[in-house]
Structure formats: structure tokens, C-alpha cells
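Next come two complexes, and both contain chain A; in the first it sits with chain B, in the second with chain C.
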Partner chain A sequence: MNGEVRQVTAQDLLAEVGRLQAAGFDYLSLVTAVDFIAEDQIELVYCFYSIASRKGPVTLKLRLPRTAPRAPSLLPLFRSADLQEREIYDLFGVEFEGRPGIKRLLLWDTFQGHPLRKDFQPDDDDRPVIMDERRGQ
Partner chain B sequence: MDEHMSANAPAHDPELLDTDLLELSIGPQHPSTHGVFRMVAKLDGENIAALEPVFGYLHRCHEKIGESLTYLQNMPMTDRLDYICGPANNIAYAIAAEKLAGIQPPERAEYIRVIMTELTRLVNHLLLVGFLTNDLGAFFTPVLYAFREREKILDIFEAITGGRMCTNYARIGGVARDFPEGITAEIRTLIDAFPRFLDEFELLLSENEILQNRCVGTGVLAAAAAVNAGISGPVLRASGVNYDIRKADGYSIYPRFDFRVPVGQTGDTYDRYLVRICEMRESLKILRQALAGLPDGPVQAKVPKLFKPPRGDAYGRIEGPKGELGFYLVSDGSTKPFRYKVRPPSLINLTLLEEMCVGHKIADAVIILGSIDIVLGEVDR
Partner chain C sequence: MAVGDDAGVRQIPGAIAGPVEAVFNWARKNSLWPMSFGLACCAIEMIATAAARSDIARFGAELFRASPRQADVMIISGTVTKKMAPLTVRLYNQIPEPKYVIAMGACACAGGPFAAGYNVVNGINRYLPVDIYLPGCPPRPEALLHALIKLQEKIAGQRLVDLPYYKAQRPGDLPLPEYGPLGLEPPYNPDLFTPGA
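Now for the complex of A and B:
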């Protein structure tokens, strides 16, 4: 990764972001996730820039377990986390603590699964129609 | 301006009859939403009390598809993000991939990329201003003037790349092919005639009473809120923040060019309109210098046919016409990206849409959305 990279844990994420903010990094540009399925982990990536001093990026990386991943939400500190966290919740299934009522961003509310996970099985035409499902209606 | 327009929530007088808020769904199929975008507005009379944007109607798994294609196969896919600005998307993706593999494109390719990006910025801002006047009710007259000029630039794109909107032009380590003979003269003719068009366009619009009445003081976005919400590009600069990635990062060869960054004062819709007009004039300056300095030489660095970047990740970003357009790529050493993430400026610029619209009339929400500049191909991916 270009620029400085810091590994953080879920416990000290908010403190580290607070320190960055105090050091003038006022612009949270990118929030995203990567599914490292071989290591059974999901990594959250945060890229910070400083608008005043033109510095950056400083990247924070946070590794979470793949089953039931939970991270603190950055929404109280950075509004730019709003839609990007919703997207990660939608496509990776990461829960964010501190922002109740989070909704999917791109997919519909009744959608099952999280497509950007590496083991996601798309519900495609190869799957036979099971008649019992239709009879039950 | 009357007072209640700027108030955040409509006041309820207990003496008066209490009325319910009306929930109105604008879009997804409505011309004012510039694509399949939906806004759920809660209306108090004609005033907006709450507004929720709804995304996803054009979601087509862009990033998931990106993981199943090779690095080069992803290049034409990037055209389909912000389909107004194909060349800029190509170049942003190429820059991210070059960061991943540590490749430096040759001089001439850098110049060609700058010329293509700035021409794209002209196309984008022309369309934005044209459609903004459409949203204001000037039905299609200014748009036609904007389209006439855009057409000339698209002809140049066609001569260079073979495509008018989906150009598929950049390559990892350079560009797909060199400029055809005589194209620099054509571009020079275009940019020599362009200021006269801009003057005429401004004469028609900038001091137009209706445009000013509707846009001045509408949808004010404060600088601190914009920075905190990750707003970028012309929308951020209209709010008075002097931040242009071409200056801040100095990527490619932008530090060599002499240009200034237009910055607004109040962050209202009028500022967002004016910043675009001024940016077009600055782009012309860059184009003139880039054409004058265009060196001879190869347009493609030596890159293996089968592009396999080393393990690692990289974030490459450019000052796209709509804002910070970035690509975050993770490589596992294979021919396909392990993770392919687009940082879409027009999605993140919508973060504060509700705050900008609340308290205004419903017709103002249409122009506030128009002045943010979204393309749904990029918002929903």
C-alpha cells in the first residue's frame, strides 16, 4: 500500500482514528473491506487524508474474524463512513456497533447473503426450481 | 429570501390545524433524478421535511465481476461506471494498477492522459450545466448549446480511441494507441474556439435572473460538513475548500502545469454552477500547455502481456470531473485482482443530500441534486 499503514484492533480503532483526527487528518476518503477467506478473516481498510496539510494517505487496517465480524462504526466521527459502512454491511456482512438500524445500501432488504464474500453462491439459472416451495404458497 | 426557507424543519403552530406529512417517492423513473435514483421525500405542503435517498436500482455487481476478469479485461468495464467520463475512469484505473506493480508510463503517454482527462472534464461540466438549466425549467435550450460543443469533443474521442463514450483508451503503463495524425491541430482549433462559446454561454446564464433567483442560497453546504462527509470535487470546492487532487497529490505530470483552483464562497447551488464554468476555463489552460509540451516517443511502457502484479494492495486516485475517483486493488499474485474496489465520488457526494434539501421546496431538491452531479452507473455500480 502506498503511504503509511497501521494495523489496528477493533478495541483501539476509535482511539486511533481520534488521534489521527487530532493530528489534522480530517478527510476519511475510502472505507472498504477485503475478504481474506484463506486466513478466515475480513479486513477493513480506512484511507485518511489531511486537507489542510495535503498529507496522506494514512491507512488503517483492521482484521476481523470471518464469522460474525463486528467493528465499531466511525459514523460518530466521520459522516463519510455513512454510506460506505452501509455498503460493507450489505456486501460483506460486517456489523457496525454504534449505529443501530443499519440498512443495506445497494441490494434489496430481503436479499440473502453477502455477494462480495468469496464463498458467495449466486442464485442462478442452474439451480432447479423446487416444486415444493411453489406448492406451499 | 424569506425566513422559513432556510429553517431546518417546518415549524408547527399549535393554533393551526395539524396536518400530516405527505410521503412522496420521486423516482426511480423520473427525468429529474438523472437515472434510476429514488428520493423518498416527506413533504409539509411544498417544503421538504425529510428526504431519504434510495440506491441500488442500477447495481450490477461491478466489483464482483471485477474479481473474475483479468486486470486488462477490467479496463473496458470502467467505462461503464461514469459513462459520461469514460477516459477519466480508464486513466484512474490504470494509475491504480501501475501503483500496484510499480510501473512508470512514458512521458508522451502522461501528456496524452492529461489531455484526455481535461477534455473529459469539459464534456462532464458542459453536460452538468446544461442539465442543471433543464432542471430549472429552461427546457432543452441551453442543453442543446452544451451538446453542440460536447459533440465536437466526442468526435475527437472517436478519432483517437474509436469510441465516443466508452473509449477503453488507457492501458496499464500507457495508452492503447498514439494520437492519430493531425488530431493535435483539431484539439487546438477546438480549445481556441471554446472560450468564445463559454463567454456566450455565461452571457445566457450566469446573470440570468431566473437562474440566480433559484440557485443563490439554495442547498447551502458548509465547508466543515462537506470535509467531514468526504465530499470531493467541484461540490467540495464550491463550499470554499481549496482542495484539488491535481494540486494536493501532484500525480501524473500535473505539477508542470500552470492553473488555478476555482473555489466558491457560500456553497450554494449557484457556486456549484459557477465553479464548473471556471473549471472549464482552467482546463483549457492545462490543455493549451499540454499540447505545447507534448513530446515524441513511445506511448506504452514495457509491461508483460500477462500482467501479474506482485502481492499487495494499492489505492490510486485522480481528480475526476465529479470528484475523487479512486480504485483500491488487492493482488494475490495472480492475473486477476483479488479485490477490485471503486471509490465512487458521486455516491459519496450524496451523503449530505438530505441536509442540503430539508427546508427547501420540492422543486429546489431537483436542482440541488442536479448540481451535485451524479451518474447512476457509478453510484450503484
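Now for the complex of A and C:
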């Protein structure tokens, strides 16, 4: 089971995580997201370990559409998902269902957009030269 | 920064001001109290500077005050995020005059490696009047001591009658930037900073 990577869908994520928990995987190590802009998808990545039996990681990957991505929340199963789901909502704009209201974690509440998306256009206050070069201006 | 004209200088006769200001400047340059204010990894170097090996107390700056009301110098030690910038300006406003700013590290000087990011102020000189720029990532404790010595030299060379806080019209509080939809508004304080200058 160590190092295993599984692709799951939003429908069977909770069932899959439930099976992992039943198999002794008691620690959600990380939740993160990747923006695959060419495929118009956002991928969520979950890593699970078993502290008791020293197994892991088992990685679950979940592809979502880039427009209005929604995924089930793991907060009812793992408290450690709370801050990371809020961070993903903040920086990638993924909505999580089945958890109490989600707020931005790092940026202020009135911020517009999700800065870790590849098509995010940052503030245009006199950017340093390095940024203009990167944009090919 | 708004400064009154010389007619408004409070009454310090020149014959007294000369000898007095040498003693006065000597006293205040050797008792610069920094504010306990760390923003990022440079703060660790600042703490190391205060510890026994570098011992910033040798230069009279060992009293890191927990309140801006008791501080003389603000060491901007680290990355200033856009979320932190209004609070940084507010803390600066709370320091009583005379007050000085050391921009410590590449981030505080110009945004450093994060200059192209969405959340970093590209240099605290956009919002605060910086006296000493200290490059490095992070600067070593010796470098911070060097910056402190340079600040002491600057203070020693100041003339009391030229300082803004001895004018009749003293400089007021700096305006606080506000959180906008993508960044801070305004993106810099036009009285202090000119882009591309």
C-alpha cells in the first residue's frame, strides 16, 4: 500500500477515505491542489498515513472542472483538513461541501480572485521589471 | 512630509543649540530602543543580534520595547505582506518622535525574492520613510550592527533646528493603506515614493 496513488471521483471520495480510515489510516498529512490549465481542470491531492502501523503515504487524486469546482469536505472525518481546505478555497477557488461556512484563510475577505490559478492577473501597481519580462511585455 | 517653515522653529538660541545638540545627539544615538517587531526570517537574525554573541547592548540598543510608544527605531525585519502593511504603518504612527526606520533584508528594501508575488509590498519605502537600507537575505548580525552604527552616525550629524519635530508644524500621521480588491490602495504613499525614481 505504501506509495500508492489512486485517482478518485468526487462522488466516491468520501467512501474511499472511509475505507482508508477503516484500514488504519488515521492521519491526513496534506491536502493540496494543482491547476492544470491546459486540461481545464483542478486536481486535489490528499496524502494519508497510518501512524499506528507506520504505513503510507497513500495518495488520492481528484480532478475537478476549473469553472465552479466543488468537492466534498473531509472536515467531518479529519479535523486537520480544516485549514488546508480554507487555503485551497482562498488560493484556488475550490468550494468544499458538507462543512460549516468556508472563509479565506490568508488573504483578506474582500480580495477578488484566486492567486494560485495560472490565469490570475496580479495587481498592476508598478510591477518590478522581472514581472514584465516574464509576461513577455 | 509636511514641514513648517523656519519661522516656526521653537525658541532654541543658536549659541546654546550648538554645544547642546552635540551632547543631546550623543545621548540619543547611544540609547536607540528598537521595537519588538519581527515580520519574517530576518527577525531571527535580529534576535541573534540581541543575543550574547553579537550583543546589540554594546551599542545601547538592547531594550527591545514591546510597545511602539516606548521605541525609537523600527527595524522592519522581513517580508512586508500586503495584509501586514497597514498594521506596520499604524505601528510606525504610534512611535513618538524622533523615530527612525531600518529596512532590514532584501524583502523590506525592495520585495526581495517575492517581488513578483501577489501579496508582497515591494519595499516598505512605499509607505514609510526609511533611514537605513540593509540588504541581505537575511543580513548577518554584524550587518545589522553596521546598519545601527550608520544610523547612529546619521543621528550624530543631525541639527536640532532642522529636525521636523522641532518645527511649529510637526509631521502628522502617515495615511494607512486600505485593502483593495487586488492589493493595497493606494499602492504607495505618493509623498514618500515615486515609482521608477
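Basically, the second predicted complex is superposed on the first by the 122 of 137 C-alpha atoms of A that agree within 3 Å, B and C clash if a C-alpha of one lies under 4 Å from a C-alpha of the other, contacts with A are read in each partner's own complex, and residues count from 1 in each chain.
Convention: a residue touches a chain if its C-beta (ideal position, glycine included) is under 8 Å from a C-beta of that chain, and two chains touch if they have at least 3 such contacts.
Just so you know, these numbers come straight off a predicted model, no measurement behind them.
Undergrad: Between chain B and chain C, which one contacts more residues of chain A in the superposed model?
TA: B
Undergrad: Report for A:34: first if it touches chain B alone, second if chain C alone, otherwise both or neither.
TA: First partner only, chain B.
Undergrad: Is A:112 contacted by the first partner chain B, the second partner chain C, both or neither?
TA: In the superposition, A:112 contacts chain C only.
Undergrad: In the overlay, answer first, second, both or neither for which of chain B and chain C A:123 touches.
TA: Once the two structures are laid over each other on A, A:123 reaches chain C alone.
Undergrad: Jot down the residues of chain A that show up as touching in both complexes, chain B in one and chain C in the other.
TA: Of chain A, residues 106-108, 115 contact chain B in one complex and chain C in the other.
Undergrad: Quick one: which bits of chain A touch chain B in the complex? Just the residue numbers, please.
TA: So the residues of chain A in touch with chain B come to 1-3, 26-30, 32, 34-35, 45, 47, 49, 51, 54, 57, 59, 78-80, 82-84, 91, 104-108, 115-116.
Undergrad: Inside the complex, what are the residues of chain A that reach chain C?
TA: Counting only chain A, the residues touching chain C are 106-108, 110-113, 115, 120, 122-123, 125-128, 130-131, 134.
Undergrad: Mind pulling up the chain B residues that touch chain A in the complex?
TA: 55-56, 59, 61, 63-64, 99, 225, 227-232, 241, 243, 247-248, 312-317, 324, 326, 328, 330, 338-339, 341, 343, 347-348, 350-352, 380-381
Undergrad: For chain C, which residues count as touching chain A in their complex?
TA: Listed in rising order, the residues are 83, 110-111, 115-119, 122, 179-184, 187-188, 195-196.
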